[in-house]
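By written order: A, B, C and D. Residues from 1 in each chain.
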Amino acid sequence: MDFRDRIARRVARELQDNTLVNLGIGLPTLVARCVPPGLRVYFQSENGIIGFGARPPEGMEDIHLTDAGGAFVSALPGAAAFDSAMSFALIRGGHLDMTVLGGLQVDRHGRLANWMIPGQLIPGMGGAMDLVGGARRVIVAMTHTQKGTPKIVPDLTLPATSLRPATLIVTEMAVIEPGPDGLILRERAPGVSIDAVRRATAADLLVAGDIPEMEF
Amino acid sequence: MPADGVTVRNSLTPRAAAELVPDGATLMIGGFMGVGTPNRMIDALVARGVRDLTVIANDTARPGVGIGKLISAGAVSRAIVSHIGTNPETQRAMLAGAIEVTLVPQGTLAERVRAGGSGLGGVLTATGLGTVVAEGKTVVKIGGREFLVEEALRATVALVAARSADYAGNLVYSLTARNFNPLMAMAADTVIAEPNEIVPVGVLAPDVIHTPGVLIDHVVERPLPL
Amino acid sequence: MDFRDRIARRVARELQDNTLVNLGIGLPTLVARCVPPGLRVYFQSENGIIGFGARPPEGMEDIHLTDAGGAFVSALPGAAAFDSAMSFALIRGGHLDMTVLGGLQVDRHGRLANWMIPGQLIPGMGGAMDLVGGARRVIVAMTHTQKGTPKIVPDLTLPATSLRPATLIVTEMAVIEPGPDGLILRERAPGVSIDAVRRATAADLLVAGDIPEMEF
Amino acid sequence: MPADGVTVRNSLTPRAAAELVPDGATLMIGGFMGVGTPNRMIDALVARGVRDLTVIANDTARPGVGIGKLISAGAVSRAIVSHIGTNPETQRAMLAGAIEVTLVPQGTLAERVRAGGSGLGGVLTATGLGTVVAEGKTVVKIGGREFLVEEALRATVALVAARSADYAGNLVYSLTARNFNPLMAMAADTVIAEPNEIVPVGVLAPDVIHTPGVLIDHVVERPLPL
């Protein structure tokens, strides 16, 4: 199991029954494959559908049905399609229970930056600003460092996606929960010491009591 | 739970639905002159003797019809509506001070409800500028033109009527019975749908669904066969 | 032909081919019966349909299909239904070519009051404020006087529906066009003198040259 | 003209449609990563060598796909979009100053287009508050919360893609190919629809129509049979 799958599986443990969930492009998409059996989760894709499913059978793809990353998907029974205004009304209006997004940086408040590196990489925010501002729970799923450089930092050096802090940060090394006093280390990956997490994290981490190992 | 993992909504009797509307609630009710109004729930509300409602709706229909029954029953203390001209009881109660009526231009009312369900703070409309509707409201200038800031509306409970629901709560409306129903289905803490028929999941195609089932908390049971 | 039909027929001469038209409750509704042959006019009803038609056959009424006055209507081939937000997006967004509304008063600028008589009659504005503000052409169709009292007045004594002046006022006595300098008398009913129109009108009327008789 | 008096829209070749887009126009184009984009009109625009467009769209797709073809052809001077991450040519042109790109949060973009088509002055959203998106914009306080005033957007021409059109221009979209198309169909002086199929009036039922035909000025002819 590579680190991306581990992150996805840990995030999937945050899924709750009978909820509406939006998965960002990239790593977060993997979460859809890890839904615990018996759990009824509706996935929304911001390009306009609730209830999309796995990749369709070869040769049966519908060019009018993709996820927000442009990949072909299928539709489950009970799926509903809508336009972009309705899609973001759902996101902004408090109807989305959870979103999972990738991250470039997270600061000590849990604030996310994930849409541009000035002068270098400018993908644009797409739906990320609405998702972080609107979803009831915001999970950041990302690698703990970028080629060894910590992505969890005291202050953002990249443009923020939203002033609203994330609910939870899940990396291959740790689970961290932003709280009113700072970032709280909740779990560490199996075999990874608290010190190792701290060394890979530029922001302070609050550690209280035993820190259990992540389960996937 | 069906094998495909679709969440099935609770089906409620109209009476059980009426229990979910507390006295003093702010209640959105779909319909236009009684067309597209959830009548079984209204009858149940009247039967249970609900009081002190703030009703947000297009109109108060006519005495004995739709929302008019709640007016006649004295269940409504405040009404936020676009029109009361077809219900002399509402007009009388308003002039007598028994019901506080706030009249809102219909298009503004629709957008205010939509804004409430869409996470928007309000609406920027020119409708009502220079009239009594604008009194006390903020005006914003955009591109040299003035627009009123009309605040978003939300409710404790929304009661909506639909032609069809599936087990997952997806709704389809019929013709002019659609009106405010899909807007209100987004704008309340609890949303209860009263369909004319209930069909299995998959019968309503994704492209014809007007209200996604995730917005619906409860579905009132099918009407009894005649 | 009673005076209401005459007003409706004169208003119907303002209809243009391939346009979207909204008719208010009451007298304006009669205009739908007077569409000149060959003209393709779509009627919108603000409760959510374009393309409604005449009253359905006895016993075939659909309780889910009425006009804004609550009367049963039918739907023509090509009709489209929508919600109230879309209905007023069409009205407010400049997509409506013409509206015909009843009136309680019109002032010297052509401004309309038609939604309340304080302390006496308070029907509410319904869609009228959006219609007067949003339609490309606003036609007021009303009786010239209320039991002998002029309804066309120098200044409104009733609450205005909109600051925007109407495009045209059609009564059983005259056709009047609000202009930048005041109300212009365009036509008079057959056999009605300019003086008679003036006597029934409290606001000043601009009269230039011959005033032709109304045709129905 | 059919006997029933329905207005039939003009059918246009994609080439004739492209002639309706002047150089320098502000052009809305439906689609999301190329899905639901009117490709035949885009090909015709590239073929006619249109220049200096301001494109309003969700994204610029990929090189060789949908709006990406207009980028590659150098036809676009300004882009108002939510995302360019999938098109390195747009990013390069932006960094080189060849295309002026305004990035707008996707939900805000959708509402700004909707506002432009609905006669609203703009949108009151909390999205973007405290970020670079908010720079220079008016903030309005409603019920103790702050909202950005995001101005309405309109275009000279909107090009929309649909699954089906009828002769009267009524449109139905398919699944995630709907996206921005119905919003843009309201927000431009001239609206041209490119359907995958054209059906007689009456085939599309009133309740399944997503865009009423009165909003559509021209319909591009059916695709040629294979």
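Simple rule for what comes next: contacts are C-beta pairs under 8 Å (C-beta built on N, C-alpha and C of every residue); 3 or more make two chains touch, one makes a residue touch a chain.
Remember, predicted model here, so these are calculated numbers, not experimental data.
Using the contact threshold fixed earlier, the set of chains in contact with both chain A and chain B is D. Path length between chain B and chain D in the chain contact graph, taken as the least number of steps between touching chains: 1.
Counting C-beta pairs in contact across C-D and across B-C gives the higher total for B-C. As a whole-number value, the distance joining the C-alpha centres of chain C and chain D reads 34 Å. A separation of 29 Å divides the Cα centre of chain A from that of chain D.
Distance between chain A and chain C, defined via averaged C-alpha coordinates, is recorded as 55 Å. Multi-chain contact residues, meaning those touching two or more other chains, occur in chain D at positions 111, 114, 118-120, 125-126, 173-175, 178, 206-207, 210. Among the residues of chain A, those in touch with two or more other chains are 49, 75, 81-82, 85, 88-89, 91-92, 134. Inter-chain contacts, as defined above, occur between A-B, A-D, B-C, B-D, C-D.
Interface of chain B with chain C (complex): residues 32-36, 58-59, 81-86, 91, 94-95, 101, 103, 105-111, 113-114, 125-133, 163, 173-183, 210.
On chain B, the positions that touch chain A within their shared complex are 1, 4-7, 114, 116-120, 166-168, 170, 186-187, 201-202, 206-207, 209, 211-215. Chain D meets chain B in the complex at residues 111, 115, 118-126, 138, 140, 142-143, 145, 147, 149, 151-152, 172-175, 178, 206-208, 210. Interface residues of chain C facing chain D in the complex, by the touch rule stated above, are 17-18, 20, 39-40, 42, 49-51, 75-82, 85, 88-95, 133-134. For chain A in complex with chain D, the touching residues are 45-49, 62-70, 75, 81-85, 87-89, 91-92, 115-116, 119, 121-130, 133-134, 159-163.
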